[in-house]
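Okay, so chain A shows up in both of these, paired with chain B first and chain C after.
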Partner chain A sequence: MNLEFVRNFPLFCIILTLFSGPLCMISKGKTAKYINLAVITAVGVMSVFVLAEVCISGGSYVYRMGHFPAPWGNEIRVGPLEAFIAVFFCVVMLLSMVGGAFERKTEMEESKENLYYVMVNLLLSSLIALIYTNDLFTAYVFVEINTISACGMIMIKQNGHTLEAAVRYMIMSLLGSGMLLLGICFLYGLTGHLLMSNIKESVAAIAAAGTYHPPLMVAVGLMCVGLAIKSALFPFHSWLPDAYGYSSISSAAILSSLVSKGYIFLLIKIFYRVIGFDVFYNSRVINLFFVFGIAGMMFGSISAARENNIRRMIAFSSVAQIGYIYMGFGLGTTPGVLASIYHILSHAATKSLLFVAAAGLCECSGGSKELSKLTGAGYRNRMAGVAFTVGALSMIGFPLFSGFISKILFAQAAVNEAGKMLPTLIALAVSTILNVVYFMRAVLIIYTPTGYVSSEDGRDYTRVQMRMHPEKSVVFGCFILLNLALGLVSQPIVELCSRGLGMFS
Partner chain B sequence: MSKKVSREAYEKTRSYKLSQWLHGTKDPFLGEVEMRPQEEYRESEKLLHEYELQHQSIIERAYDVEHNAQVRLFQKFYNIFSVVFCLCLLFILLMGVSYLPQYGHMENPVNNEVPARYIESGLQETGAVNIVTGMILDYRAFDTLGESHVLFLATCTVLILLRRDKKKYQETAEHNDRIYEPKNDVILQTAARVLVPVIEIFGIYVILGGHLGPGGGFSGGAVCGAGLILYLNAFGFAKTERFFTGKTYKCMCFGALACYSLAKTYSFFTGANHIESVIPLGTPGAILSSGLILVLDICVGLVVAGTMYTFYVMFRKGGY
Partner chain C sequence: MDLSNLLVNYEEATAMVLFAIGFSNLLLQKNLIKKIIGFNIMDSAVYLFLALKGYIQGHKAAIVVDGVQSVEAYINPIPSGLVLTGIVVSVSVTALMLSLTIRLYRRYHTLDIDRITLEVKRGGD
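After this line comes the complex of A and B, so read on.
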């Protein structure tokens, strides 16, 4: 294929996903489902082409959106890291959508099914646009799309829990959006630009001259706190457990593994391409990230250990994992950020697996999410049991799986930082132990034999066989393979990420 | 010197036991440790009853705000803390603003080459007399594409939240305003008869004149939507649904957004690949001018009008 033509693919990805939103609106639920799957697959394939193109040509390129060059018109920027994250997000989203297809049938009203796919398609478009954007205001517009569609995805299963969760999510997330917008306004007032590379030049000049130091710090703080609220960093995580714990399976998997990661990726872009890493390093925001990241690791895990509902337990574990990512930022070095990026990948692959597996375990336990009712569920639904175990081991950081690599990267990054080495290593160790406490408890419970399968006591303990949900077994297989791939062949991925990150600045 | 040991004596040694254990011929636990499968966790009637009582008492205590010291403490803390938080945020923002470059100065960083080009050559490059329209629908059309999808998405979310399945809910007065319609309010209907055509025509004028003067899709669409809402209030659902149903909205929205996406894909694609666009800009000031801007304005206007009206219908009972 013509290499020049491949360079248009990011544009096609964004437009195709945007266009498929209204298309799903006018089609019936089942058609919308297939449109959605086709769109995700198409975007994934196109992103693979883009990735190959960028890797072969060995550099990033800027794509002009329209007839006017950048500071006047819009543009997007495509590099290896962006293309790789886009491919990865498509894979995880496709697996989450297929994995939750069975539960979705009962979770939403039939006449609203197509609206769900509208949300998913537009969510994908916003994620792709957030990954590729080179303009802060474009980023804000797509953050809005991201927020509203995520809220719709929580609400689609309509009961008291999800409505309350959606309201909470809406309030917290809009607070975050507002702070991000204020931060962008401050930056625009100081620099007169919205394009990332132009802002970076101006900010470097301002920082060197020392004028406008307070408003620059206010802008940095507002943007960081805004995105931290939206991605559920520790003190702002109160919206998270209900939103992930009670929404439909696909929503929970996508929200936890992709939506918060989209914001974090935007934050990385802001570090490197907007504010500049040196200015950011000198702003002391990183110390805040470091402290709150570690606090999140501890409190998220402690809350998870006290939780009795398996879905909420996994949700609280997300708080801890987001804490890891921010701790990596807090180290304030490129290896630290690289470790965070790797943790984004490993957490995205693992958390969606855990949610889908937990749904499989609940299905064979009469639909109950209580840990005590899940006793022996690993025997009744073997595939889900194995998948849950793999996910739990990966979260703990067991070698072979993806979580191990990201923990090792965090530890390596910390060793070079004199002041932060000890707290990081201690936090990693304590958090690993806490992870073991609650994840292994869950694994032990699902593998405790109950002796017999009873149905006479009124509980519906059905045995779920693999052939009942062939698509789910395939999804579990793919997720496990993805985890093993991230855990076993990490070197090329880390190299790709570090090359892409190098092109950021 | 080794010495010969009888079999009985050998069987008593540790090495024999170890080799047996290694070969698996003897289970060290067998006969030593009592083993039985773990009993399944069950709730007896009594326990269930106890849980019920506990649950009741928890709820009672949780909602007994008057006597709950913890809740009162929390509320006090919450009130004080929210005020302190707001004051801090206010202080930080005001401090930030006070250091910003003074508003309206020539040398401000905002007055750089970006607005200069919009003002100086916006007319030739976009063909729109209204620079703002030229900016949002031509220079930065990608942002506006996203923004119109935000509106569409907002409607979809409200539909998820508020639309009722007709099959699921009975058509009772609780759920349906239509039972009381038409209200035949003479004053309202007479006023609406005069006002609605004027409002609609004004809205269409604002949409169509977006590239010539103040106005455009967002403002004109809002005016059109307001006209529709007035009509609905005066004449009721039955009459409005002769020309505007949920299906109309869906098709209109799809058509407008698809048109926008296609038009912009063309212009993004040609722009990025340095192909000359075939769409003529026309004479600035004429109604059919400024390339795609007029089409995009109409699309945005349709989406905004539909969004306004749908929001209103969803907050009424019995619509769509």
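After this line comes the complex of A and C, so read on.
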């Protein structure tokens, strides 16, 4: 295949997903479902080609839209890290969509099913665009598209909880994007550029000259805090448990594993490609990230331990995991950011697995999400039980699974950073213990034998056989494999990420 | 600290004050409609700020008339383009927020977000 042609693929991915949205709108539910699956697969395959291309050629490239030269045109930038994240996001999204397909039939009105796929396609397009774009204002526009489609995915299952969560999500997101937009405008006012590479040159000149220091710091602060609010860093997470706990399974899996990660990836790009890591390091924002990251780790875990609803428990665990990622940024070193990137991958693979598995466990317990009602669910739905256990072990950081590697990377990154070593290691230890407390409690509950007679409360405790949902077994298998792959063959992935990160600056 | 710059750049100062008003309204108001109004004030403030960044005293909008092609004649058109893009975004977000508000009002007969939260907690699923 012509390698030059492959370089167009990132743009094709964005265009394809963007235009398949309206296509889903005019087709019936079932057709829309297949269009959606086909689009995600196609984007994944194209991203694999792009990844192969950048790995073979050993470098990154800039794709000029319409061949307008640098300060004027809009650009896409592709490197190994971007391509890998795109492939990974497609895999997780595909698995989440297939894994929630059975529940979706009961979760939403049939006439609105096709609209759901519009939202999913738009979400994928905005994620891909956030990953690849080299233009700050384009990034802002796709951040908003991401928000709108995520909000649609929350509210498509209509009950009081999701509507309230959606409106709270929108309010928080709008505060965040307002700050992001203002930060971009400040930066544009200071530098006169919108392309990331041009801004970086100007910012380096400004920082070296020492002029305009306060506005530069204000711009950095606004953008960082804005994106932190949008990705539900600790004090801004109030919408998150309800949004993940009561929306449809696929939505919860995709929102927790991909949507907030898209913003975080944009933040990483802003660190390295827009303001430059040195300027970022010298601003005090990293200390804020460090403190709030650790606070989020503690608070999220404690809230999860007090929760009785299994899906809300997993949602609170997301708050803690976002805290881990920001703590990695807060270390202010490249190994710290690398650990955060690895945690993005491991959390995406694990959290979507947990949501889909929890749905399987609830299904065989009369649809109840209460932990007490799930007693023995691991025996009634063996595949979901195994999958949930794998996810729980990975979240705890058990060796073999992906969570272990990211925790090791965090610890290694912290050791080199004298001032922050002790708090980081203590936070990691305490948070691991808290994770054990609530995840092991859930695993013990689902593996407490009850026999099959416990229908005293009149609930329908059916046994779910693997052959009833063959597609789910495949999804669980793939998720478990993904977790094992991230846990066992971490070395090449870490190397790929660090090479990609090196090309960022 | 020299505050005379605030007077010289009074337009930017106004934009920031408006942003603060809109931001705090979006954050603190209980009424959903007032929140949406706050959001619109906030976004308009950003557009005012952007438009100011592109404006050059005495220059005209960047539309070539009478064959004048000198750079000296026109303002910087890029911020204006950004403002247009931003307006499109904020219109669609406002529409989404309003439709959510209508849904919630039909269900709970109130616009107060705190009371809606109470009702949701009481109502269970």
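Note that the second predicted complex is superposed on the first by the 499 of 505 C-alpha atoms of A that agree within 3 Å, B and C clash if a C-alpha of one lies under 4 Å from a C-alpha of the other, contacts with A are read in each partner's own complex, and residues count from 1 in each chain.
Throughout what follows, a contact is a pair of C-beta atoms (placed from the backbone, for glycine too) under 8 Å apart; a residue touches a chain by one contact, two chains touch by 3 or more.
It should be emphasised that the depicted structure is a prediction, and the values quoted were computed from it without experimental measurement.
Of the two partner chains, both chain B and chain C are touched by A:Tyr188.
Contacts of A:Met65 after superposition on the shared chain: chain B is touched, whereas chain C is not.
Of the two partner chains placed around the shared chain by superposition, chain C is the only one that A:Gly178 touches, whereas chain B remains out of contact. Once the two complexes are laid over each other on the shared chain, residue contacts for A:Asn8 go to chain B alone; chain C is not touched.
When the two complexes are overlaid on their common chain A, residue A:Thr448 makes contact with chain B while staying clear of chain C.
When the shared chain is aligned, chain B and chain C each come close enough to touch A:Glu144. In the superposition on chain A, A:Asn282 makes contact with neither chain B nor chain C.
Considering which of chain B and chain C touches more of chain A, the answer is B.
Judged by the touch definition given at the top, the superposed model places A:Pro214 against chain B, while chain C stays out of reach. By the document's definition of touching, of the two partners only chain B reaches A:Leu122; chain C does not. Overlap of the chain B and chain C contact sets on chain A: residues 137, 141, 144, 148, 151-152, 155, 163, 182, 188-189. Listed in rising order, the residues of chain C touching chain A in the complex are 19, 22-23, 26-27, 32, 35, 39, 42-43, 46, 49-50, 53, 78-79, 82, 85-86, 89, 92-93, 96-97, 100-101, 103-104, 107-108, 113, 116-117, 119-120, 123, 125. On the chain A side of its complex with chain C, the touching residues are 137, 140-141, 144, 147-148, 151-152, 155, 158-161, 163-164, 166-168, 170-171, 174-175, 178-179, 181-182, 185, 188-189, 194, 242, 246. If you check the complex, the residues on chain A that touch chain B are 4, 7-8, 11-12, 15, 18-19, 21-23, 25-26, 63-68, 71-74, 109-112, 115-116, 118-119, 122, 125, 129, 135, 137-138, 141-142, 144-145, 148-149, 151-152, 155-156, 163, 182, 186, 188-193, 202, 212-215, 218-219, 221, 372-373, 375-376, 448-451, 454, 457.
Considering their complex, residues 37-42, 92-93, 95-97, 99-101, 108-114, 117-118, 125, 138-143, 145-147, 149-150, 152-154, 156-157, 159-161, 163, 165, 168, 250-251, 253-254, 257-258, 261-262, 264-265, 267-273, 277 of chain B touch chain A.
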